[in-house]
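Handing you a structure now.
Order of writing sets the labels: A, B, C and D. Residues in every chain begin at 1.
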Amino acid sequence: MSRIHVTANVNGDEVEFLADPRETLLDCLRDHLGLTGSKEGCGTGDCGACSVTLNGRLVSSCLVLGVEAQGAEIATIEGMAKDGDLHPLQRKFVEHAALQCGFCTPGFLVAAKALLERNPDPTETEIRFWLAGNLCRCTGYDKIIRAVQDAAAEMRGAA
Amino acid sequence: MVEVNLWSGLRKFTDGAEVVEVEAKTVGQVLDALIEAHPGLGPVIEAGVSVAVDGEVVTGGRQMPVAPDSEVFLMQQIKGG
Amino acid sequence: MAKDEITKGYTWIGTTPDRPDGLDKVTGRARYGADFSLPNMLHGAVVRSPHAHARIVKIDATKALALTGVKAVVTRADLPTGLTGEDLYLQENTLAGEKALYDGHAVAAVAATTALIAQDAAKLIEVEYEVLPHVTDVDEAMKPDAPVILPGCADHSVPEGSAPNVARYIDFGRGDLDAGFAEADVVRSAHYTTEATHQGYIEPHAAVGQMGADGKGEMWVCTQGQWYIRKMCSAVLGTDPAQLRVTPSEIGGGFGGKTTIFMEPLPLALSKKAGGRPVKMVMTRAEVLRATGPTASASMDVKMGMKKDGTITAARVDFRMQGGPFPGASPVGEALSCAFACYDIPNLGHHGWEVLANRPKCAAYRAPGSPMAAYAVESMVDELCRELGLDPIEVRLKNGVKEGTRASFGPKYKRIGLVETLEAAKAHPNYAVELGPNQGRGVASGFWFNHGGETSVSMAITEDGTAQVSVGTPDIGGSRASIALMAAETLGIPYENVRVNIVETGALGVNEPTHGSRATFASGKAMWEAAQGAIKEMCKRAAQKWDIDPEAVTWKDGAAHPAGENAGKFEPMTIKEIAAEMGKTGGPISGHHESTPSGAGPSFGTHVVDVEVDPETGHTKVLRYLVVQDAGTAIHPAYVEGQYQGGAAQGIGWALNEAYIYGQDGRLQNPIFLDYRMPVASDLPMIDTVIVEVPNPGHPFGVRGVGETGITPPLPALANAIHAATGARLRKLPMNPPAVLAAIRAKG
Amino acid sequence: MRYHAPATFEEAVSIAAGASGVTRFLAGGTDVLVQLRSGLVTPDDLIDLKKIPGTGDITRLEDGGWRIGVAVSGAELGAHQALVADWPGVVEGMELVGSTQVQGRATLTGNLCNGSPAADSVPGLVAAGANVTVQGPKGTRDIAVEAIPAGPGKTTLAPGEIITAITLPPRGKHAGDAYLRFIPRTEMDIAVVGCAVSLVRDGDRVVSARVALGAVAPTVLLVDACAKAIEGTTLDEAALAALTRAAEAAAKPISDKRGTKEFRIEVAGVLARRAAVIAYERAGK
């Protein structure tokens, strides 16, 4: 078993770790870097709980190998609040009771943030299809969609 | 005496009676008296049943009081998700 | 009753503050099952049977043990013998004994220094099987010549001469069925089937377990009930429950599926064998779907008689449900009890068979049994309404149960809110929306008992006059918030001044899990009782200071007050003042309460759904959805709505697409979210809710559990809506596009 | 498992040609990693192609066609406005693969090489008349996309051969394409049936068409009879009915966990008709 040395930038911090080539980026974030905010719900890219951005692109970190992260910029849920200030999405999720068990929440937040960066004024349908790869079994999605809409409105107002 | 309503599947243990009378002041005494009078009910009760007293399901509450005019029902045990 | 009428006078109850654990859960800090690690920790993996039914001839772990990094292998031979009943079944399910009983049944487990090595080692464990004939279908399993799964499984209730896989038979009823059917203008009977579905929580089961040679152990685990984990793991391993300390992690969904054990004893067994090193075990999604608790599949007959005016004169159900390979897991008893719970019918017959099959051991799933029963009965009610040209809500109002009605399962109802949900549904704008072509509306009602259960809660007043509440029911959907709101209300202090902790098994007496919709009801009720103890003590401290009789002190708005003019004239003494001095006035102040509370009033709900069906593909689109349900009192209305919406979404999934699909070989064909098709965000509309509040007399604040009823009506409501849209009646779930299209074609 | 990140296709080919065990190429990884994680396929050698220059490029060719690198993700494809304007059907096929997250990684070439008869992006490529460039130990060749799939999970690529790019022909004027698939949900499913139509109009008349069906046979089908049914017509009701019948006749599906044989046959006809109407409208713009 030969591990490969990987350096990357995670949430603005330079990090390095040794990855078995079979380990996913999700494994490396969780087990080597202690960033357990990204969750594994399926391991097949069907639930979105492991959502991160890789060089600015929303991906399922369970479908990326750790060794592929060499030189990459990665953003996870742990980097979403800046200097202790919650991102509007984070605040709105709490305000709207958009989480019950909370397990899918980090993935939803990372995915929704990527949406609003690309489309600050999405329709309900656009939000639902963008987030279709994030499974939530508790909420029926209603309050999640409303939280994203409200956060988008607030962010547009602030901009 | 307290009247205890059984479900019909239990009649085979009570000589066909669906309502039986027992001397009891608590749910626990009801169950014990039932077994004493109708030993065939023992395994059923030990496997777990729910008891409703005056419309209240008192699972696990052997100490719950039962009055002579209480309406007592033995029910299938209910689990929840 | 309007909501503001009930909540009048409450300061905190009925408000929607941020949940106490919100910050942790939106920042990724909250620690779930797999997020916990310990020094010197090993990782476990499980070897599972690829066969639905097979004799285990030999297990050879030589090659696995030779792999560098492998520290322990556990098979059934490592577990104690002599268990009986449910303990034995739990043990059998943890690790197969003589036979593997379903595809995915655990056969051996291994611990190694890394997860990858453990997985490699699992592949090196050689298991020799003698494959046996299997049966996975409930009706097939009930045939006299079906492969026998567990010889001698039948209990006292099973009539002589029944098929060998029938484990339990139930019948109950009342009145005279023949006379009742003779009274009816229309009598119809039909056969309905539902497929097994999974709770589908997004967090796979995960645990870190540690156990030394002395039998002392610790476990960190995602569970709905840490005491159940303690009891069940100890039973399976033959260890002393008092020596096992179980700490619940945050829990990523359960819906009943995490009220029992699946792999949880294995980390402990492996740890014990590996010299006490902690072992982490995390299930894959495929393991979750293959080997943890789905619900039963059901084959059901319903016969019902109705008069032209909509009066239901008689009804009979015959339910057959398989709950996997062990007795006691199928919710057929619950299903029968729920079948006619919404109706006042004089003549009733219920017959049920629990059947074993080569499928995973069923676990509870949100209102166990009720959704299947509702699918059959509420579909039949709709069929009769259509035949007689009657409005489905009016017919339900005509026959609906209310306070004093004798329930189908025996006792008389206390105050309940079915009628109120029907009236609210009828009055809702959704019920008046005009529908277009290929669109249809469906209505159905649902019921769940709700549950009290063993409960132990303590409250301690903190030095600064805040309060901490220790509860044993894991917070699965906002119960910290609801309990904190009730505590704030009870003590008369701000919500933010209450800290609710979910504690480990060493910190309280036994608690049943968060199940049966009981957390806010039972832990809330026990919290209220505990608070009364703390309040009494605080009044005593004030009385002591004022030198008056403690009985002359009352508590309001977070302070002790003299009870009246006669008690003396003293400035109120606030909780803050009392707490600041408590070390010097008699010591810490706390209250606690232990009981198995009764009075968990049932919750009824009525759903209205509009669908549009593509007549060329059979695809059903849910256009709008309304949930009306009785909450008793909504403590935190936003999380009450969340329960309604989440239950509805699960029911919609069950109705339309979710199903366990077994191949001819008895293997589960869809152990992956790609093909186990739970609703995604784009499948659903916003889910409208109406919270009806008919206070539960059995709770100090009128709370009824709200968690479970919501999954029940969607199954029949969707079937009724699809019928309205297409004219095709689907009596088999799931109503996926091929099924709907075939039904449309079949009606010509 | 050994991980390789070669800098050239020559290097990649030589690693693959020299490998004795199971070899997999890694582009988006959305199939390879699922197979790896489930224990279905654990390659001895995994060759990551993304470090090879040009694999992430979308290039307009001199003749008006397009070359798409093997590591171009669905998200990048969808963001390329000029390509979307030319070949909306090809792009929408790719964009239906998986979630937004999967779109961030999954590639046309990967979807093709996975060999699934239900691959959403393949019917669009086939209908478009796309070619792939294949490089191997014996040199380089260009072949039609429809020649790659050999059956579920199988391709006609020889050991050591790699697809290095996909080429779309010049779109030309008055042309349009469309892809539709049927799934039980609204997202996240594998196609139960897929159909792509590409056509060229002269006024109201369809002068040429290519119709491809997915998930109704062991490989994606290019159905001449479907093309014949609408060529020379104004896509009137009669033509659409003929197209429907031709698609139903061409479909030779199986019943499986995703749909029954009867359902797939019927829906193949429905989708062919609906996709043709969209392609026809697009061609008229």
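We adopt the following convention: contacts are C-beta pairs under 8 Å (C-beta built on N, C-alpha and C of every residue); 3 or more make two chains touch, one makes a residue touch a chain.
All values derive from a computational prediction rather than experimental measurement.
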Query = Greatest Cα-centroid separation from subunit D: which chain?
reply = B
Task = Could you let me know which interface, B-C or C-D, is made of more C-beta pairs in contact?
result = B-C
Key: Intercentroid distance (Cα basis), subunit B paired with subunit A, Å   = 54
Message = Taking the mean of the CA coordinates per chain, how far is subunit B from subunit D in Å?
response = 67
Task = With chain centres taken as the means of their Cα atoms, state the distance from subunit C to subunit D in Å.
result = 43
Query = CA centre of subunit B versus CA centre of subunit C: separation in Å?
reply = 26
Residue numbers of subunit D (touch at least two other chains) = 37-38, 186-188
Ask   = Using the touch rule from the top of the page, what residues of subunit B touch 2 or more other chains?
value = none
Remark   = Among subunit A residues, those touching two or more other chains are 22, 43-44, 46, 129, 131-134
Ask   = Chain pairs in touch?
value = A-C, A-D, B-C, C-D
Key: Partner subunit B, residues of subunit C touching it in the complex   = 155-157, 169-173, 199, 255-257, 259, 331, 333-334, 336-337, 364-368, 409-414, 448-454, 515-518, 596, 598-600, 698, 707-708
Key: subunit C to subunit A touching residues, read off their complex   = 16, 18-19, 21-32, 34-35, 114-116, 199-204, 250-255, 282, 284-285, 476-478, 636, 638-639, 641-643, 645-650, 672-674, 678-684, 686-687
Residues of subunit A touching subunit C in the complex = 1, 20, 22-23, 27, 30-31, 35-44, 46-47, 49, 76-78, 80-81, 86, 90-91, 93-97, 99-106, 109, 124-125, 127-129, 131-146
Message = So in the complex, the part of subunit B that touches subunit C is made up of which residues?
response = 5, 7-9, 40, 43-44, 47, 52, 54-61, 64, 71, 73-81
Ask   = Where on subunit A is subunit D touching in the complex?
value = 2, 4, 21-22, 24, 43-46, 48, 51, 54, 57-60, 62-65, 67-68, 111, 114-115, 129-134
